Amino acid sequence: MNDFNLLLAVFLLVNLIIALLRVARGPTDADRLLAALLFGTTGVAILLLLAFTADTLVLMDVALVFALLAAITGAVFAQRAWRMEGVGEGKDGNS
Amino acid sequence: MNFNGILPLLVLASSLVPGMIIFFLPESRIRLRTTLNLTGAILKLLLIGYMLWGVQHDQSYVFRYNVLPDLELVFKADALALLFVTLSAALWFLTTLYAIGYLEGSPHRSRFFGFFSFCVTATVGVAMAGNLFTFFVFYELLTLSTYPLVVHRGTEAAIRAGNIYLVYTLAGGAVFLTGIVWLYGLLGQVEFTHGGVAATLGLEYTAQLQVIFLLLIAGLGVKAALVPLHGWLPQAMIAPAPVSALLHAVAVVKAGAFGIIRIVYEVYGIEFAQTLNLLMPLAIVASITIIWGSLRALWQDDLKRRLAYSTISQVSYIILGVTLFGPAGTIGGVVHLVHQGIMKITLFFCAGNYAETLGIHKISEMNGAGRRMPWTSIAFSVAAFGMMGAPLTAGYISKLYLIQGAEMAEMVWVSWMLTASGLLNAAYFLPILYRLWFINQPQTWLQERIRAQGRWETHGLLLIPPVVTAAVTLGAGIFADTGWSPLFWVKLVAEMEYLP
Amino acid sequence: MSGALIYACAGAVLFVFGVTGLILLPHLLRKILAFNIMGSGVFLVLVGLGQRDGTPDPVPQAMVLTGIVVAVAATALALALVRRLLSLTGKIQFPEEPEGSGRCWKNK
Amino acid sequence: MFDPVPWLILLPLAWGCLTFLAGIGRGGRLVVAGLIIQLVLTIILARQIVMEGARHYAVGGWGAPLGVDLYVDGLTGIMLLLTHVVALPLVVYARAYFSSQAEGASYFWPLTCFLLAAMNVLFMSADIFNIYVTLELLGLAAVGLVAAAGSAGSVTAAIRYLLVTLLGSGAYLMGVALLYGTYGSVSLAVLEPLLATTEISAAACLAAMLMLAGLLLKTALFPFHFWLPPAHGGAPAPVSALLSALVIKASFYLILRLWFDLFAPLVTTQAAQLLGGLGAAAILWGSILAFNQTRLKMLVAYSTVAQIGYLFLLFPLMTSAIPGAAESAMQGGVMQLVAHALAKAAMFAAAGVMVLSAGKDDIALLGGMSSHLPLTLFTFALAGITLMGLPPSGGFIAKWLLIDSAVSGGQWGWVVVMILGGLLSAAYVFKVLRQAFLPPVAGIKFKPVIRMLEWPAFLLALISLLLGFRSVEVLNLLGAA
Amino acid sequence: MILRTVFLRIVLFIAVWWILTQGRADSWGVGLISIVSALIVSLVLLPLGLFRFSFAGIFFFLLYFLSRSLKSGIQVALMAARLDPGFHPNIQKIPLRLPEGLGRVILVNTLNLMPGTLSVDLTASSLYLHVLDERQSIETQVRDIEKLIAHMLCVELEES
Amino acid sequence: MRNLLNVLVIVLSAALGLVLIGVILESPSPARVRLSEEVLMQIGASGVTHPVTAVLLNFRGYDTLLEVMVLLLALLGVLAQMGKQKRENPPAGFYLTEPRMQVLLWLARVLVPLMVLVAGYLLWAGGHQPGGAFQAGAVLAAAGVLLNLSGLLPSWMEPAWNLRAGLVSGLLVFLLIAAAVMTTASPGLLLQYPPASAGMLILLVETGLTLSLGLILAGLFLFLSGDAIDEEADK
Amino acid sequence: MAILELLSSIFLVMGAAFFMAGTIGLLRFPDVYTRLHALAKVDNLGLGLIILGLLFQVPGLTVALKIILIWLLALAASSAVSFLIARRALNRGVAPWKAKEQKI
């Protein structure tokens, strides 16, 4: 069971990395903001799987904090990060 | 620590402390400044008088202070030191008087007199230094305290002269320092001692000691204005007259010459120096300087410039005397340290008087000035004759001993060279005297700033110092054999320190 | 080679990337990011080397926690400064030449 | 027996908190009082060191390797004393400075308190990880102070400084990681014997290189000096003075410690020669650049680049086999460190006064300064004497010792460098002085300055000058083991 | 009424604390302080009387929500897997019948997890939805949820 | 020239990387000193049961003391920058009525009390498992950020005395306890907690730290966000 | 016991599959809104299934409640954040992708 959890965690990690590639490519800044969402859910899933892998239930607390902080990060990103047009290297593709 | 140990410090403090106070005085406190200046100068003379008396009665005045575990700051008031100290203190007193008159009403006097006092402190330190390290400390302080005096006027020309002065003296100081540290590395100490400390090293260090000698002499030669290290001196005549007087007669060039005396006699020892074949090259350099300075003086129309080249030439008499192996040469050289000082300061005082009173800076403008300013011109003439080595003057005594020394050292060419130099001296001084006395004065003076008032042809404080020094020039020549003459004291020095 | 050493090696790679980025990247935010990558690399090496014999060692873990806080503080300060620079100059980059290094020969 | 060590850590932190609580721009008086107390404590500590020798102090009572150890010896004592002797006049100066110019004043006091606290803890630390934390503290405080001026130039300089200092401490921390990984401890007391007795490992060598490189970067040794002049030259004058006089010395102090204690078994003559070579390049290049500056504070800042070079000459000189030579080199290096700190603080403070009075940082505008601010100009000149290495200053004693060491060790190249460096520093010092003797530039009107701006700087310059007469004490403290 | 709300919140926080600490007995010292702090914060942020709810409403809402979100997930997953996702996306404006406040927020969040809808903006009177297939009517789904929410929060729907 | 320099940097870095990896792979195992064993041996006297917390707050508590100072310094740097900027906040209550902001507003209303609980939990948990003041402080700070984003907490201007007191409280508590211990229980010894009260003292220190760190970390955001006008304001 | 493990594995695999589908959607979908659909719905469903799967592995009630709590938090967060992102995109004028007149 433990190894199975670990396997799935690795799978989700790979999944996350592939998805990040997309996020990094944009084309709009909104697409990049998706990273916050992606990290939130996938991260929590991976952490929980790992928590049940090696009897390190402490990782649940990490997942909990992670979920909370991911929410805040996403909110900050959406509210604040996309304000300086032309300052960052990215340009809105569609707008 | 006993009183004798503190005495050298008091001598230093007598100009340092007033200097520091004066530096921070507001410009308007003229009376307090003058009082401080004169009190310091008189106090210093009294202290030195006491020490002169003491040295004659076998007292010794030594102060030691450890700067590093095995490196001391040493002040030693030996006979040679006192000779120089007395000269500086006496001339400082006169120059202070002169400067008070000279600078009356001009700006930045607190700054001027502050650095002026520092400068004398440094000179006294150089004189009383008991080892090379201490000597170097004050030698560099002298550089630093004279720079503000050279650039005092704040004109572009003054600043340029200051720059040249710095480049020469700081570079010289650096070379000097290298020599000192090297020697210190070899000896573990650099105390001035009879017969020299270097002699303890023996001949296997010949090459190193020769290089070190070269470094030391090169370092000192800058201030002593040895050709080819003399370039700064003619430039520095841009400074106010009292400063020039101080630079040329008392402080800077003398510090160099005095240092060479110490090096030859008390670091290497005259015999050891002779063994290492160091004296002959030095004599040749000194001779070249003497002739070169005189020749260049001939072509100068600017009075202070001509005097400056004259200084280059005359200071090397001292060095020449040192290199003449034997007591007569020593006496001639060392006594010229004093004599040249007295005579040259007279000349600069007078030059300052001409410039301040009548606006005369050039020799071609001096026609007939003797009638308008008789006292100044008499003083000038006396000093000029002294420089030429005329009998009854101090210069005669110096030359007499130098020529004797040359003969005793069997260096005939030196006698010839001295004769030639004397002729050259005459060649550049006599025309001035001729203009002063034998050409009629013009209708108006260039820029008559100070009117004649009865007996006073100029400001009293400008007049007294050159008259006094001219009188001393005569006195030192006429009364050379009495117990109060410089010659007597120099003989004492030579007896106590160099002759077994 | 134990698993911990893999962490340490990855840390080494991150460290080098971070250093290179910190030096070469022109954009200041990327420099700050590179600094964080560099820091993470060091932390990985610290923890990885610390427990390469299998037992986790609390000391490097504590040190890494301290290090993270320091890195956060530094990052915050850097961001505040960059932001200020942006509001002053409108750019998130260094001006072309550091003052005084290039022009000095011409000025005299 | 009363032990000042823990109080020297807690008190500056407390002042930092209190000045922050006091509010914006307030707390200067508290800092002055606090520094007086700390100065007394440092003097007590120095006396204890001279009497009883070096000592370890186990924070928390655990002792190495579990806990963090402090170590206090003669060199520590010198650094602590120096810090307080320099800082005390500077804070008095800063109070006056910020009363006439508000720029950069807002959080100056807490930042300065923390900066000084960082110096204290850095000097006393004997734990390489703890040293990392202290380095970061020092760096952040310094950057905060540089940036506080708020202009585009100073913010740029601050960012550059921050990134450099972070890169430096990153490299340092990587070294710490490697050492911990190899030896299992971060305590100097544990590591030193381990490195000395076991065979030299590649990890230790790499760690040494990384840590020293990081510290060199922070010390701004040529060619890593590029960040220093804008940071030091652009900050408010009290900040420039603190940074140039003290902060640079902290990382140098660590280099000394690591080089001669921890990494002593690893360092080679070639490495020492390399450091010396960089030092020589710093002396020459820094002086030339200083001379070419048109801004006064930049000139002073480049002078720091040059003066740092002298410190690094002690590494090749220490390799000399002649017994006295190595000792003189160490003594000379430490004297140079102390003298430069005092003189540079005085010089930056004086420069600040002149700039404040002229209203613009431009050497060409200094004409007439000699009569307008004679005391400040005198201060500048006195400080310059130390930098030039002229007697009787502390700088002279330092140069004497270094040249002595080089001559007796037969390393003539360094003598030439030092002599040349002295002349070059004279060139840039007198460039300022001669300008000040010229008549005022037409149209310029100097603002009057308050007395409390001039005297602290003068005091510092005077101490740097008179240090030459008290070097025996300094060296006694240095020698206390 | 007020007491009930405060009581419910305290119970909720105690429960959460209990869950977080997994029932460790030695945690209640810190726990007491934490729960009181959380209560104070929640009372400041969310004054009493801002909303009411019924437990039954919550139950029905959750039931609906779970079933529909399962469906929505499967739907989008299939779209992603198909070669031709075949969507006809557009933004639609839906007039709102729920009164302002918590109800609308729950509606927005719920719709985000429902099949084919994504809330993109909220104004005083209407909700803007991004729908994956504009050919299907989305209105009925919204109305259903509105009704459930209104029941849960004990509010009346406005006539639009 | 510039390119050449870049290439040089890259080559050197690559070389450094290779050497680093080489050194890491070759490092002898185990290390000469086994500190983890020492930690486990002494943990009984530390007042906590979690080894990392024991190291952080007792064995190497000195590092932590300094680290709080690091954070405070960063905040001071930020504050010094902030003083220069013109501050413009949206009018009070703007967000509360703005329909678009409702989602965020309610998210904050629900999450923030929970985050307070979680912070308390992490603080408590630090004694026996990973967690402690820093994590708790981070969660509190996140709560502050969320409140600010949702308009419930205005951005911070020049901090008033009470905020300043909160910001330094962690360091002050730490210092006071250090000074108190030094003058009573262990005279002249820095941070040497008596084993009997170590746990209590550490919890006290951690509570102060949590509060202060939460404020500092939130401050790093809130002080700087003052001039960050949300798009909402200009729409 | 074995059945529980089997059930757990099934849910976990399904969860992972949904995550993968989310990623595919993210890669393939034409604009930010459609991608948000993928993330907000599919990933959360994936997370829910994984949590469901893990519920079969829990050692006790509190642990179970804790991971449910985490799930609720994640759900609330991602739903709110996806609204914020979508609104911001719309606000910035990112136009939604439209199907061409004829089917693709």
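As written, the chains take the letters A, B, C, D, E, F and G, and residue 1 is the first residue of each chain.
Assume a residue touches a chain if its C-beta (ideal position, glycine included) is under 8 Å from a C-beta of that chain, and two chains touch if they have at least 3 such contacts.
Keep in mind that what you see is a predicted model, and the values were worked out from it rather than measured.
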Chain-contact steps, minimal, separating subunit D from subunit C: 1
Far-end chain from subunit F, centres as C-alpha averages: B
Farthest-lying chain, centroid of Cα atoms versus that of subunit D: E
Winner on C-beta contact pairs when F-G is weighed against E-F: E-F
Centre-of-Cα separation between subunit C and subunit B, whole angstrom: 65
Between subunit B and subunit F, centroid-to-centroid distance (C-alpha), Å: 72
Distance between chain centroids, defined by C-alpha means - subunit C, subunit E (Å): 42
Cα-centroid distance, subunit D relative to subunit G, in whole angstrom: 57
Multi-chain contact sites of subunit G, meaning residues that touch two or more partners: 22, 31, 36, 40, 44, 46, 63, 66, 69, 73, 76-77, 80, 82-84, 87-89, 91
Junction residues of subunit D, two or more chains touched: 129, 133, 136, 140, 143-144, 147, 150, 155, 174, 178, 180-182
Multi-partner residues of subunit F (each touching 2 or more other chains): 20, 24, 27, 30-31, 35, 39, 59-60, 63, 67, 70, 73-74, 77, 81, 84, 100, 103-104, 107, 111, 114, 118, 121, 125, 231
Complex contacts: residues of subunit G adjacent to subunit F: 73, 76-77, 80, 83-84, 87-88, 91
Residue numbers on subunit A that touch subunit F, as the complex places them: 58, 61-62, 64-65, 68-69, 71-72, 75-76, 79-80, 83
Residues of subunit G defined as touching subunit A within the complex: 5, 8-9, 12-13, 15-16, 19-20, 22-23, 26-27, 31-32, 35-36, 39-40, 43-44, 46-47, 50-51, 54, 57, 59, 63, 66-67, 69-70, 73-74, 76-78, 80-82, 84-85, 87-89, 92-95
Interface residues, subunit E side, partner subunit G - complex: 16, 18-20, 22-23, 69-70, 72-74, 76-77, 79-81, 84-91, 108-110, 112-116, 118-122, 128, 130, 132
Parts of subunit F lying in touch with subunit D, wherever the complex brings them together: 19-20, 22-24, 26-28, 30-35, 38-39, 42, 58-63, 65-67, 69-70, 72-74, 76-77, 79-81, 83-84, 158, 161, 164-165, 167-168, 171-172, 175, 178-179, 182, 186, 188-193
